[in-house]
Amino acid sequence: MIKVTVWNENRHEQKNPTVQEIYPKGIHGAIAEFLENAGHDVKTATLDEPEHGLTEEVLNNTDVLVWWGHLAHDEVDDEIVNKVQQRVLDGMGLLVLHSGHFSKIFKKLMGTSCDLKWREADEKERIWIVNPSHPVANGLGEYIELEKEEMYGEHFDIPAPDDLVFVSWFEGGEVFRSGCAYNRGKGKIFYFRPGHETYPTYYNKDVQTVITNAVSFLAPTGSQAPVYGNAKPLEAIGAK
Amino acid sequence: MIKVTVWNENRHEQKNPTVQEIYPKGIHGAIAEFLENAGHDVKTATLDEPEHGLTEEVLNNTDVLVWWGHLAHDEVDDEIVNKVQQRVLDGMGLLVLHSGHFSKIFKKLMGTSCDLKWREADEKERIWIVNPSHPVANGLGEYIELEKEEMYGEHFDIPAPDDLVFVSWFEGGEVFRSGCAYNRGKGKIFYFRPGHETYPTYYNKDVQTVITNAVSFLAPTGSQAPVYGNAKPLEAIGAK
Amino acid sequence: MIKVTVWNENRHEQKNPTVQEIYPKGIHGAIAEFLENAGHDVKTATLDEPEHGLTEEVLNNTDVLVWWGHLAHDEVDDEIVNKVQQRVLDGMGLLVLHSGHFSKIFKKLMGTSCDLKWREADEKERIWIVNPSHPVANGLGEYIELEKEEMYGEHFDIPAPDDLVFVSWFEGGEVFRSGCAYNRGKGKIFYFRPGHETYPTYYNKDVQTVITNAVSFLAPTGSQAPVYGNAKPLEAIGAK
Amino acid sequence: MIKVTVWNENRHEQKNPTVQEIYPKGIHGAIAEFLENAGHDVKTATLDEPEHGLTEEVLNNTDVLVWWGHLAHDEVDDEIVNKVQQRVLDGMGLLVLHSGHFSKIFKKLMGTSCDLKWREADEKERIWIVNPSHPVANGLGEYIELEKEEMYGEHFDIPAPDDLVFVSWFEGGEVFRSGCAYNRGKGKIFYFRPGHETYPTYYNKDVQTVITNAVSFLAPTGSQAPVYGNAKPLEAIGAK
């Protein structure tokens, strides 16, 4: 049972009746629901809670953190961002969704601008699987089709993914690396593109499959925490 | 429960009393034993069986194939090699051990010579973990130490691994990329260096942990089999 | 001055008046011309020459081999393929164009099926640059647009490129990894997608820029040839 | 002619007579000298100059920035670090040497802690080439041997390099990924391990070859600067 914390900025939901109608329990509520149904131990946290709901206790009890933000990236406290970064390097998984590409935490972990092209034009997105062996693609067909989504287009200013899983085709003529896996320290990161707030994307079964798969993929694993700093020799030096 | 077939050339065991003493049930027997204890459904197959024990039925019922060979790479039938390659591209995991670096199947899947430096000198090997987030390293400390092993040294003529997990230090002055993960088609491959026949390496607990982890990592996953060939358009062409 | 050999199957040019009209000197002739204008020392070779024009002397005097084939992959002699592979591992660059994805040499070096989706429907291709720092993209804008090309679609069954430079958008709804760089041994390989024989693609200035850049990128470089095989220790073993 | 700026903290040289004796013109002076001899247009800059010698004019006129720092990483102004990061994303090459692994600029571009093991014990380092096709290894033998160097050991907390070129062996029993290439935005980064201030490492011919090669490798290339932000469709949307 993986301990998941779904973090959402939760601002569009307060301001925009369209978003409210689509996601009456918030985007975090919609995501938490299907992750719970998949058998995970799921909590949510939002920007306006104290410490954004990401206290040390919460972070230390999180295996995988899901991140959705857009309007208020700048309001996320730098100290919290530093703590999340450290937790990722220590082994916590991080699933960054859609406009989270511009979040402080994603930019900090990538080291690049994470900038891209974008357009809101009710256009079709077709997400092709370019690595059919990847666990995040488990159970999918050859592509995911979303009738209406926001467009994100290349160049997407990220480090080349350690594993590129999805590439999107957009009706308006662009492509996008929309499923990107990274190892950082003892942690894993996955970026998944879709999920504009004015579309019911997180109710799409294939999108739910990807997010559910990603949670399993991102759960902590690996060797013991590395030891850093001054180190005694393991072999005699200059003994010859 | 993962269906594992442990394939062994099983020739040193027939010829060399030292090897026979260390591995009375063969290298395949020793590996099968701890994989069974880990809860997998394990079978073995050897070179001198009809079709090397790798009939279509066996291959089709194998999730992960473990491969140990050395003396008799050339005696492996090309047709069997082709079938194993196809099964990997179709999703079967392949764990290549030690001198399997020069097997027909590994060379075919890598596309390179897979050549390296080597030396038998009873020397110490220390296998460092360079990707502590990788599932194959799960439960290990910072390194694995083997008091006596054969040396394999760089340059190792392989494609850069999709994920480099281990790097070996050798007493005699060399290094080696000794844990290498690859995606090929719908399948995954892992190469793990240690395991010279005259040392009891496969009884080492850490080595057993790596091989057990690798079997889980290599088990089939991912999206449906891609469709290749002529394709109808999904969108109208030239309609504007 | 880089020594380039442009190899072409040169069969469509013999059979199909459309191709003959577009490429009166053959596809190899068209490519050789702009590479010569770029200052390289260019020769051509074709399937129907003795040893396909790829004698040992020719190969040993080639820095970068350009490969175009389609109809007659099977007629290429396995022995020549083996020699080309060895030359690549020894440092020769290899630029594989379009339908060369299914050539014996490319499949051998990749270790996968190299299969894909395809369609001839006079459709638009837009080749996006996803790694703007790569020398093969030097001097290009954000994308290359080809009004009419054959479609190649994912899943493209190749190893994940060591460097993914281009991703294509197709009018009919597909995407494709259309610029892929690989290191193999001491050599480098670049696969570049466009160039169906019934379109004047190799006269497109951007396509010519890519091919010209690729030749420079693929020219031999790097350290001395590695030494393989039995190796004396560089440090005392067991001396403690 | 590549415009190189060699940046050095230049503090050990002020404090430590041993360092002063080895590098009477500073580490920057020693590096600048052989880069000038290689035909580049070389300037130097140091921490205690106004704006650390890295004014906008200097940065805008730098193709490749070489970085050596150790004692005073924290004294480097965050604003300058941000400017250097932006210049790298815009295409400037960055060569990070030795203890620069802990510089603000390297950590910012990597997104990880960049931590490692270390030891000062006058021990032998042997730097093996694991990618003999890489331009940074041009002209080298199979390895570089340094009689006495500081040890850096794994785990090195960096993103997996886009290209791993060197792996070090240390007498005391450790290994280290000591030559790491990265693409970030339109820029390239190379990390090269050796160069502790109390050893004459930068006078070693092989080390000089690597640094000289790296400067050529890191020089700006690639496509035009990508355009980010809101984008008009290139194809009609919803026209069917």
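The first chain written gets the first letter, and so on, giving A, B, C and D; residue counts start at 1 in each chain.
What we mean here is this: contacts are C-beta pairs under 8 Å (C-beta built on N, C-alpha and C of every residue); 3 or more make two chains touch, one makes a residue touch a chain.
Predicted model only: the values in this text are computed from it and were never measured.
The chain pair with more C-beta contacts between its two chains, of A-B and A-D, is A-D. At the far end from subunit B, in terms of centres built from Cα atoms, lies D. Computed centre separation for the pair subunit A/subunit D is 31 angstrom, with centres defined by C-alpha atoms. Centroids of subunit A and subunit C (each the mean of its C-alpha atoms) stand 36 Å apart.
Shared interface positions of subunit D, i.e. residues touching 2 or more other chains, are given as 126, 129, 131-132, 142, 153-155, 160, 162-163, 171, 173-174, 183-185, 226-227, 234-235. Within the complex, the subunit B residues that touch subunit D are 126, 128-132, 142, 153-156, 160, 163-164, 167-170, 173-175, 177, 235-236, 239-240. Against subunit C, in their complex, subunit B makes its touches with residues 85, 89, 108-113, 115-119, 121-123, 151, 153-155, 157, 159-160, 162, 171-174, 182-185, 226-235, 237-238.
Within the complex formed with subunit A, the subunit B residues making contact are 91, 126, 129, 131-135, 137-142, 162-163, 171, 183-188, 221-227, 234-235.
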